[in-house]
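Both of the next two complexes hold subunit A, though its partner changes from subunit B to subunit C.
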Partner chain A sequence: MSNAVTALNGAKSTGYVTVKEAPLTGMITLRGTFASKGFAKMVKSVFGTDIPEQRKVSKGPEATVLWMSPDELMVVCDYAAAQDLVAKATAQLGDEHALVVNVSDARAVFTLSGAQLREVIAKEAPVDMSQFEMGEVRRTRFAQIAAAFWLEAEDHARIICFRSFAEYMFNLLKNASQPGYEVGGW
Partner chain B sequence: MLILECPYCGVHAEETELHAGGEAHLKRFGPGSSDDDFENYLFMRENPKGVHFERWRHVNGCGKWFHAARCTMTLEVFGTYSAQTTEPPKDICDKISAKRPGWSWRNFS
Partner chain C sequence: MSTRIQTGGRLIDRTKSVTFKFNGRKLQGYAGDTLASALLANDQMLVGRSFKYHRPRGVVASGAEEPNALVNMGEGAFFEPNQRATTTEVFDGLTATSQNHWPTLEFDVGAINTYLSRFLPAGFYYKMFMYPRAFWKHVYEPFIRQSAGLGKAPKQKDGSDYEHFYAFYDVVVIGGGIAGLQAAKTAAAAGAKVLVMEQTADWGGRAVVDGAEIDGASADAFVAATVAELQAMDNVTLKTRMMGAGVYDHGYLLGYERVSDHDPSLAGPRHRLWRIRTAQIISATGAIERPLSFAGNDIPGVLLASAVRDYLVNWGVSIGERTIVVTNNDDAYRTAIALKQAGLSVPMILDARKSGGGALAQQARDMGIRVENGKAIAKVHGGKRVTAVSICDQAGEGVVLDTIGCDAVAMSGGWSPVVHLYSHCGGKLNWDAEQVMFRPDLTRMPTNQNGQGFVMPAGTANGEMSTAATLADATARALDVVAALGKSAPTLTAPTAASEDAAAIEPVWMMPQGANIKLRMKSWLDYQNDVKVSDVQLAAREGYESVEHTKRYTTLGMATDQGKLSNINGLATLSGALNADIPQVGTTTFRPPYTPISLASIAGSARDEVFQPIRKTPMQDWHMANGADFEPVGHWRRPYCFPRAGETKAQAVEREILQTRKSLGLLDASTLGKIIVKGPDAGKFMDMLYTNMMSTLKVGKCRYGLMCSENGFLSDDGVVARIDENTFLCHTTTGGADRIHAHMEEWLQTEWWDWKVYTANVTEQFAQVAVVGPNARKVLEKLGGMDVSKEALGFMEWADGTLGGFDARVYRISFSGELSYEIAVPASQGRVFWDALLAAGAEFNVMPYGTEALHVMRAEKGFIMIGDETDGTIIPQDLGLNWAISKKKEDYIGKRAQERTFMVDSKRWKLVGLETTDGSVIPDGAYAVGEGVNANGQRNMIGRVTSTYYSPTLGRGIAMGLVLDGPDRMGETIEFPKVDGGSITAKIVDQVFYDKEGTKQDV
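Showing the complex of A and B:
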C-alpha cells in the first residue's frame, strides 16, 4: 500500500487563532433513507451512535457522525479504521438502497483553536456565529469554496473541505487569523 | 440581500450560499408536443413586478433544490417549500393573499 500523506503535510499557522491541518483522518460518506430501519440499525451497530438530528453531531466511542443533508451523513473516524468500517457497514446494509464510501483521501481537515475562532469563521462564511451552538454542524462556503465545520469545544473547531482546495483553505484561514487583524467581535 | 430558509436543512441561508434555478412550476413539453407548446416551455418566462415563484438550490449546503415564493419589488420572502410539488402549497398561497390581495401568477392565484 502507498504511503498516505495529508494535502499540506500538517501545515500550521499561529496567528491570533491557530490554524492547523489535521493529521490523516478517516471520513466516510453515508447516503441512504434515514427513516429506514436497516439504515438506522447499521449506523447504530457499526458506528456506535444514533443518526443525529437535523444539523447535529452525534458521537460514538470511536466515530463522530455529522448530519450533512436529509439523506447524507459524514462519519469522522480513525484513518486506519475507515476501510474496515466501510466493509462492515456495506455488509450489514445488504440489499438496502444506500451508499457507503471512504472519502478520507478526498477531503482535507483543518482545526482552529483559540478563543476568537468564531470571529475567524465569521470573516469567511455567511453564518451567524453568535447563534451557532456546540453540537451543531454547518455546511456552508468559506470565501469561494464549499466546506463544513463544527465545534468540538468553545475554543476548538474542525473544518472539512475538498482536498484539492486545501491550500486555498489554509491560506484563507491563515490570512483571516493574522495577528493585528482582530475585529474584536469575540 | 436575500435570505431564504432551506426547507430541507432549516438553515437561514444567505443568497451567496444558494444558486438561483429560474422560474418554478414549469410544465415540460418535449418531443411530440406542438411547436407552440414547446416554444412556450422553452422561452416564455414570467417577469412580474411583485409575487414570483422561483427554484433555488442550496448549493453550498445540503445541495437540495427547493421552491421560494417572494416579491420581486420589495424582496419580501413569503415562504419556501419542498421541490416535490407541481404547485405552491395552500399555506404559502394564503400568506401571499393576506399580504398581496388579488395577486395572480400564471394560473395560480
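Showing the complex of A and C:
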C-alpha cells in the first residue's frame, strides 16, 4: 500500500479557483439490473444507500454512489476499503447476474474549490452550469477527454477522469482558472 | 481633408488621448476612437491598396461591413493581418500597418494593374492561365502569389490566450440597438433567461446616431434606461464586444467575445468563444447601407452616407470640408443635415429620384442645401482623394452637366437588412420591391429540431425602417418568441416614436442608368476583390446565369467581408444583364461566421501542453527521465527505444533486442487494452466476438484470439484469459482498447440485448510489465512470493499472487518468443514495481526495451501486428491464421462475410516471410512486381511488404509480405523495385524466422 501513488502526486494550482489532485480514492464499478431486488439490497447493505436516480448521487456514511448509466453505478469510497467492499458486494450478489470491479487505480480524481468553480467547469464541459444542482452527477467531456463530475458543496466539486489523462486534465483546469480569466456575469 | 472637428463625438473622451502608430508614423487619437476614426481624424484617408489593381483605397464604412480598411495589427507574437480598422478600438501603443502595397502605400508599383484592367476582366485567371500547362506551376502561380493577397501571415507563434465557454439560455438577442434592447426587455419580462450581445463596445446602434425620438425623449435616454433596467434583472446577461458569429442546428450559436482586443494590457484571454445553446434567437442585427455604382465610387473620400454621419456624430470626425451627397432614398438627407448642422459645407445633394425626397428633403432645402432631383454622379475625379464630381442626369448616359469641386462624397443606395444570422440555418427571404431589399419571410423561418422556427428577426433586421415600426416590430417579434417558449409576457406598453413622412426609395443599380462601358469599368461593386459592374455583365454575357456561378467566376462577395456591401448590388446588376427579376436571380448563401473570427478562438485553450491529450502510463516519468525516444500510439506516447549516450536509435534497438534474447528485457505494456467480459452468457458472447472457440478455454488458461468486423476484416487481436467460469479478461491492442470496448457494447446493446453479459474497460486499472528473456523466471523468483515455475505456471497460463510484496496477476504469454511473463499490478503501484524489477534485474543487466524492439522480435517470430499486416482489407485467412478460426462454430462476427466469393478467391495475396538475397532490408511499403503491364501501362504487382526490419538476432533483413500465390511459391525469389532505382530480390520463406518450434518460450 505504501507503494501506491496518485498520477500527479497531489498536484495543486491556486488560481481564482483552486485545483487539486485528490489523494488515492476507492472506486468500484457496479453493473446490474437496478430493478432487481437483490441488486438494490446489495447496494443498500454494502454501501449504505439507495441506488441513485438517473444522473443523481446518493450518499451513504462511507460511500457515495454515482449514477453512470441505466445499468452502471460508480461507488466512491476510501481507497483502503475498496477491495473489502468488492468482496462483500460480490458475496452478497451470489448468483445474481452483475459485475463488481475495483477500479480505484484506473482513474484520477480532482477537486475544484472556490466560489466560481461552476464557471471553470463551463469552460471545458458542455454542461449548463447555471442549472447544475447539488446531488447531480454528470458524465461528460472536459475539452477532449471523457470525465464525470459532481458537487460536494456549492464551492467544492469533484472531477474524475482516466488516470492516463491526469496531467491533461490538471493543465486544462489550471489554465481555465488563472487569475484574470474570470468570465463573470453569465 | 478629413479632420477632428472642435466639438461632438458621443463615443470619444477628449480628456484621454492615446498614441498609436500607423505605417511607422506616430498619431494621436482619443479613448473611444476606432482605428478608422482615429486615422481619419489624422487625415489618413488612404488605408490600403486593392487586391487586384492595387488601386488606392480609403475607409468606406464605419462598422463590420468595411471592405477596404484592413490592416496588419500588432507586431511579433501579437501580429495579426486583415484586421478591420472600423471595428478595432484604438488603445495606447497600438501599431498597425497598411496591406497589399509595394513599396509604399503612397507609391505602389502594382498600381500599373489598374491601367491593364481592360486586360484583366472577370475570369481572367481561368482564361489566361490554362495553357501551357507547365506554366501554372513555374510562372503564373509564383507571379500571382507575389502580387495578390492581402495581409501577411504571422511569423511567430501567437502570444495571446483563448478559451471557450459553454452557456445556455432561453433567448439570445443578437444586436444591442433599440430593437434588440426592446426585444430583450419583452422576453425578460416573460421570465425567460436572456443573453443580449452587442458586437461593439456601446449600446444603441443607429438610432442614437440618427437622433431618433422615443417616448418623447432622445434615443440615448431610451437606451440608457433600458440597459439599466435589463442590468437589474437576474435573468438577463448583457455582453458588449460580443458578436453573434454563427447560428447552427439545434439552437447552437457561437458568440465571439473580444475580451481584450481593446486593451491588450488586461490579463486573461484575448478572445472567448461562447458556445451557446438556446431555445430561441432574436436577430436584431439592423441593416447595412449599400453603395451606389458610379464611376470612381472607390476613390478615397467616397463613403457610405451613414458612415459619414457616424464619424461625425460618434467620433467628431469630418470626412471632408465639402461633401456631396448622392442618394436614391431619404435617409442620406440625414447626413447632409448633420454635416450642415456641424458647420460643414454640403454643395449639393444629388437625388436620383425624379420626384425627390420627403420631409427630410424639405428640411435640407430649408437649411439652404441645394437639392437636385433626377441627377446622378457621372464620374468622381481624383486619385488618392476625391477632388471633384461630375454631374449628369440619372436617366441619361452620363453627359456631364457640371463639375463641382468637393473632397468627400456620401452615397446611399438604400439599406439591406442584416439577414445573415437569420439565414445561416436556412431562413428564407422575400424581395420587397417597395423598400428595395431582401427581408426575412417569417413563414419560412429556420426551424429547429422540433420543426419550430428558432431565429426570429426583429426591427430593422426584419425590414422595418422607421423608428416607430422598428420598436413595434421588436416588441411583437419578442412576444412571438415568448409564445414559442410557452411563456407569456405581462402587458407592456410598447415605446412609441413619431411616424416619419418619407418618400419611397427607387432602385438605382447603375449611375447613370445608361452608363457607357468606360464608366461601368470604373464602377466598383466589390471593393475588396476588385469586381466592377462590367465584370458581372461580362459574366452574364459568357453564360453565367446562376448567381452562385457568377460569384465564383468574378469573385464577387468572396473576400473577407463576404460581400456585405456588394452582394445585392452585384445580383441586381446580374439580373439587369440577364433581363430577369431580382427574386428570380436570388441571393447567394449566407454562411457563418458573420465576420471572420480568429482561428485561435476556435482552437480555444487547445494549444501547447493541452493541444491534444497525451496519455501517460504510471511508468512514463521513468521513461522520460531515462531518455526514451517516444512514438505516438493512439493518444499514448510509448517509448520507441531507450538510446544511451552516443547511440543511434537503430543501435539502441539492436542492443535492446540482443540483451532481451540473451538475458532480460522489460517492456511497459500498460497501454494494452484490458476488458472484462462477465456473465452467464459470456462464453457465448466470446465465441461470437472471436474467430476461435473461447468458451472452451479453461479457467487459469490463456488463448490468443482474433476479432473481425462484421465485414470479415481482421480488426484486433490479443490474449484472452479465463478468470472464472463466468469471467474473461480480453487483452486488446493499445490503440484498440476503446474501440473494441465500444464494439462489444454495441453488439450487446443493439443485437444481443437479452444476453446476460456485462463488460468493463479496466485498461487503466493495471500497470503491466512484460518481463522477457532467459532470465525472466530468475528475476521473478528473486522478487519472490509466488511459484512461477514451469510446473506451477505453464506457458499460456495465468495466476494471481504476490511478487515482492505486490499484488500481481501473472500471465505466461510471449510475444517475443522468449520465456516471458506479463505482470499486472495496480496502476498506482506501477512505478514502484517497475523500479523493483529494475533493481532485481540489475544482476542480469536488465534492459527496458521499446516498441521497435517489440516489433522486431515479434517479426522474427512471424507474429502479425494489427495495423502492419492488417489495413482494414485483410481477413485472417490472408494471413494464414486459419488455425485460429474455429470450424466448429456455427457463427462468429465476420464469418458470413468471409464466405463471400471474393473473400475465398484463391488469388488473394497471402502472407509469407521474405528473406533478402543480399541480406539488406526491403524498404517499408515496397511492392513486388510481376510480368507484364496492366491496362494503364503500369507494371503488374504481385505483392507488397507489410513488415520489414533488420533482425539483429539473425544479422540480416527480414520481412513479411502479402504475395500472390505466396505460400505455394516457397523458395522462389521476387523483385522489389526501390524508389531511388534498382531493386531488391527476396526469397519467399516461412514467416517464422526464429525458433520455429517454440522451445525458447516454453521452458
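Just so it is clear, the second predicted complex is superposed on the first by the 182 of 186 C-alpha atoms of A that agree within 3 Å, B and C clash if a C-alpha of one lies under 4 Å from a C-alpha of the other, contacts with A are read in each partner's own complex, and residues count from 1 in each chain.
Here, a residue touches a chain if its C-beta (ideal position, glycine included) is under 8 Å from a C-beta of that chain, and two chains touch if they have at least 3 such contacts.
Quick caveat, the model's predicted, so the values are computed rather than measured.
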Subunit A residues touched - subunit C or subunit B, whichever exceeds: C
First, second, both or neither for A:Ala81, with subunit B first and subunit C second: neither
Subunit B versus subunit C as contact partner of A:Pro70, first or second or both or neither: first
Subunit B versus subunit C as contact partner of A:Ala22, first or second or both or neither: neither
Touching partner for A:Ala4 - first (subunit B), second (subunit C), both, neither: second
Touching partner for A:Pro126 - first (subunit B), second (subunit C), both, neither: both
Touching partner for A:Ala40 - first (subunit B), second (subunit C), both, neither: neither
Which of subunit B and subunit C A:Arg55 touches, first, second, both or neither: first
Footprint overlap on subunit A, where subunit B in one structure and subunit C in the other make contact: 126, 128
List of subunit B residues in touch with subunit A within their complex: 8-14, 16-17, 59-64
Of all residues in subunit A, those that touch subunit C in their complex: 3-7, 24, 29, 31-32, 71, 97-99, 101-107, 119, 122-131, 143-145, 162-168, 171-172, 175-176, 178-183, 185-186
Subunit A contact footprint on subunit C (complex, rising order): 161, 163-168, 193, 195, 237-239, 266-269, 272, 275, 277, 604-606, 609-610, 612-618, 635-636, 676, 678-680, 756, 758-760, 762-766, 805-806, 826-829, 831-833
Touch list for subunit A against partner subunit B, complex: 54-55, 68-70, 72, 126, 128, 138-141, 146
